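So, here's a batch of structures to check.
After this come two complexes, each holding subunit A, first together with subunit B and then together with subunit C.
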Partner chain A sequence: MKKSSLTYYISYILWLLLFVILPLVLLLLQALTNQQGNFTLDNFLNYLSSGTYLRMTLNSIFYAFLITLITLIISYPMAYFLTQLKNHQFWMLLVILPTWINLLLKAYAFIGLLSQNGTINSTLSFFGIVPYQLLFTNESFLLVSSYIEIPFMILPIYNSLIEIDSNLIQASQDLGANTWQTIKNVIFPLSLNGVRTGIQVVFIPSLSLFMITRLIGGNRVITLGTAIEEHFLTTQNWHMGSTIGVVLVIAMLVTTYFTREGNKKGRKK
Partner chain B sequence: MKKLAIGKIYLIFVFILLYLPIFYLIVYSFNSGQSMNGWAGFTFNHYHELFSDARMIEIVLNTLIVAVLSSLISTIIGTIGAYWIYQTKNKKIANRILSLNSVLLVSPDVIIGASFLILFTVVGMQLGFLSVLLSHVAFSIPIVVLMVLPKLKEMPKTIIEASDDLGATGYQTLSNIILPYIQPGILAGFFMALTYSLDDFAVTFFVTGNGFSTMAVEIYSRARRGTSLEINALSAIMFLVSLFLVLIYYFISNPKKGGKK
Partner chain C sequence: MADIKPIIEFKNVSLDYQDNRVLHNIDLEIEQGKFYTLLGPSGSGKSTILSLISGKNSPSEGDVLIDGKIVNELPANKREVNTVFQNYNLFPNMNVYENVAYGPKLKKLPAKKIDQLVKDMLSLVRLSDFEQNEITELSGGQQQRVAIARALANEPKVLLLDEPLSALDYKLRKEMQYELREIQQRLGITFIFVTHDQEEALAMSDWIFVMQNGRIEQSGTPVDIYDEPINHFVADFIGEANIIEGIMKEDYLVSFVGKEFKNVDAGMKPNERVEIVIRPEDLDIVAPSKGKLQVTIDDQSFRGDFYEITAIDDAGNEWSIQETNPAKIGQRRGLKFDPEDIHIMRFNETEEDFDSRLESYEGEE
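Right after this comes the complex of A and B.
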């Protein structure tokens, strides 16, 4: 039990070295070398000078932003109303349950719902509306991505709302604030940490979604994740794939920086 | 009163939204027609189809084996890691390790998949069962650490001192005092690892190679070829399994509150 001996912890240390640090170093190395294995910045220059790559990146960021915005608008009231319920822990469990169902199965359900002669189109044509192309559109990509991300947005907001001292809300009401004023001036500012975490855990995965772009978006929306997958598994250009990977990591770090916890004290662990 | 009514309507609306696609899949798994479009009658045919699909059964078994093995291994390594962080007296170093620990938690899964693919290729490892298993162990370890560490931190120092004072060896203290105390955290970590593994698609997709497949990867390749109600039957079963796991997890993480003290 002498803590000085690191041998007890060797499995964990090996994991840190081999599966946390080494893969990232290798990814960076791939991005900084060419096919011949020489060091070069060409991949990055190539990325920065190519309109296609830059447009793809902006497009990916734009869609991730939209997905985050949609989930936030739906999730905040949801989290708020959940905290008002008596058995809110049980209801919260029901919110989390869909996240335990494999992503692919959920995407699969939407293929059935949205396809050309799928359920939604049949229902529409029953009312005499001509079938729309629903699947393989940008809107369907937004819909399904938001659907998948909603529980991840609700959870942190719910957690931050639950932690608010109910005395503060009572004080606000005693001092004559109406419900809307209490929400705007007391509850919302105190729940910002949850909102930040929510944005973080939705925005970053949204940049890297790749199976939804294929199955639902029909390759119309190319995200950073799709581009990486394509370079690695289809065109086998690992160097360029890794370069986009590094861009994604940078995007992730920037997001984490902007959504870091405000320096407010009193967060219970 | 009125506000609460609006809230309830909103809640019901979002819950319907969340569960509609799932129940839609399940309901159509009993459809005697051939697609998720138009109800033709009730049948168990698609379940028969699923259970006689040897390839699918094998893949489901693969998925479960990888999930159980990777959660067991990552729970052990994760608990060791949490104990290391807990034992590290220097707060700065402990925090460093903790941030390194979280790297795989916050990394997008394509990055994890791509970098692991490079790793396995560089060391010359064949892609297949072992590479998938190692990847799942790797990305499940950090969540185990995060579930176990708070339990270690809330453990009163006095009980360890008492154990030492009474002459227990380090090993005895560990197995008789510490492990039983942090057991709920370890179990929670195990269940989180299990879900991570069962839910993963992207990382597996990168490191799976040709010979080996898990459920998510198989559904992906089948869904690209079109829909089949066999997949619906599979998702209905998966839903029940998830529900079951959630209930177990719920009872483990919320042991009867307010029991006798």
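Right after this comes the complex of A and C.
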């Protein structure tokens, strides 16, 4: 019996070693060495002392925060609304569907919509309105990023809402709560796990977006993702790129820590 | 009794659920301060009646009145009734205290009053030491008590209890029956209790509604319903019963198993076909010559406080008898019973006719 369970584990252990532990170790090794291959903390000191890197980091956090906030504000009511529909699984599928399409294709589709001769501007000019610069703006970057992340926020929230026992809602109404009070006191607190997962799933990848920053944001927004890409592909400074990678890993751990499931005992009375 | 204004009233209430009529022309009156039970098998409509009182459903026909006002469409959160649910439905994101304080907080009562209410209710259900416990840390019986405290903290006029004890084990259920009855009497609030357990209904209630197929078959005090069941269903559902067919020769004389017996029922047509009910505990096993009926003992089982004995008479009817002493299987014995132990039921008699017939001849005596 022990042997058979080992064969089950082996694929997971291999995956863990090859695709999680090993890359992390290599990343750390790169970050802790210089071009000559000597051990050094210079990369980190460089990162911390340079205003550019810090500004990039703050920029990344700021935009990731905005993207997360926008998707959350749109997704929560949408997920709640979906759960109230009769064929909610079908409608949910429609929300998920766009995630099956390649990110790059969606980005190009938005270029087609937002560019100077794009669909929106040509429609506007038809009514005699001068074309606006829509593409390569911070707003377009936020719009497209949020659009892409929304399904990932809706899905966990929807799942946690679906799991709530409808009898609890009945009990809340029975005790005198109206719909809004029931949402506030019962439904929202019970869906917090979904919200936490949604935030993790949206915030962390948003820290390192680089394709959209270039194609839609026109490289006006420089995030940590763009920085890593430049170091690896353009300046060929893998050591500095890895250092920023380590910073991102730390940011992920911090985010996960702050959005972990609440410690029940320490909850306010 | 007629001057007491009912707190809840159903006037010819019917309810359809997806083309199915689940309640048929229900009329009932609930008075202040009594313990009512809706008793019936699953699917009989008892929980549906609760849902019409709580506001979860609206009647398809007829009117539901609370305090003399029609409340057909009034939403649940605006009604002064609260429910103790079968699965408790406690909020898992709140501790015991917060669960009980939920209703009073919504009413925006002053903080001091809320605190007092919660403490009173928790001490009423003997859970004062569990204020800060999480719901998941409680046993089933404790969760049930929190549910009762939570509903009562809202100071309802009527407390609805939807099979609240069915998830508890036998001993705990007995204890909670006693406690619920005590709480009801202490607070003087009307309780409407739903159960399929006839023992529970008989032990706790002031008044029972026996239901089947969306209709009230009979209503009355536990003793009335046990002693004078209106029909086969009620007699069979409430307690153990020997039910056999017979003929009512004339008033106070019934014939069954080929013999004639004196009894205490009247008001039927001469030679009307009827059903006879004799409760197992009213039958005594005696020597064959002393018995009114002669039977052969067929089977017996030990039930702790009595023996359940099955015997077969000469016409082939099976009789169930409860005796403190054992019998010998295969032995020829006699069955003894008094005229008062025979209860006669007419076929298809309505509750109204039944009541007026009972009144007519009981008045004569």
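Heads up, the rule we're going with is that the second predicted complex is superposed on the first by the 248 of 269 C-alpha atoms of A that agree within 3 Å, B and C clash if a C-alpha of one lies under 4 Å from a C-alpha of the other, contacts with A are read in each partner's own complex, and residues count from 1 in each chain.
Quick note on the criterion: contacts are C-beta pairs under 8 Å (C-beta built on N, C-alpha and C of every residue); 3 or more make two chains touch, one makes a residue touch a chain.
Here the structure is a predicted model, which is why all the values come from computation and not from measurement.
Placing subunit B and subunit C on a common subunit A by superposition gives a fit, with no clash between them.
In the superposition on chain A, contact of A:127 is made with neither subunit B nor subunit C.
Of the two partner chains, neither subunit B nor subunit C is touched by A:257.
When the two complexes are overlaid on their common chain A, residue A:171 makes contact with subunit C while staying clear of subunit B. Once the two complexes are laid over each other on the shared chain, residue contacts for A:39 go to neither subunit B nor subunit C.
Between subunit B and subunit C, the partner in contact with more residues of subunit A is B.
Looking at the shared chain after the overlay, A:210 reaches subunit B, while subunit C stays out of its contact range. Taking every C-alpha of subunit B against every C-alpha of subunit C after the fit on chain A, the minimum distance is 13 Å.
Shared contact residues on subunit A (touching subunit B in one structure, subunit C in the other): 269. Residues of subunit A that touch subunit B in their complex: 1-3, 8-9, 11-13, 15-16, 18-24, 26-27, 30, 74, 77-78, 80-82, 84-85, 89, 91, 93-113, 115, 117-119, 122, 147, 150-151, 179, 200, 204-205, 207-208, 210-211, 214-215, 224-225, 228-229, 232-233, 238, 241-242, 245, 248-249, 252, 256, 269.
Only residues 54-56, 75-78, 82-83, 85, 87, 89-93, 102-103, 106-107, 132, 134, 150-151, 154 of subunit C touch subunit A when the two sit together in their complex.
Against subunit C, the residues of subunit A that register as touching in their complex are 165, 167-168, 170-178, 181, 185-186, 189-190, 264, 269. In the complex of the two chains, the subunit B residues touching subunit A come out as 3-4, 7-8, 10-11, 14-15, 17-19, 21-22, 24-25, 28, 35-38, 76-78, 80-81, 83-84, 87-89, 97, 100-101, 103-104, 106-112, 114-119, 122, 134, 137-138, 141, 150, 153, 169-171, 173-174, 195, 198-199, 201-202, 205-206, 215-216, 219-220, 223-224, 227, 231, 234-235, 238-239, 242-243, 245-246, 250, 254.
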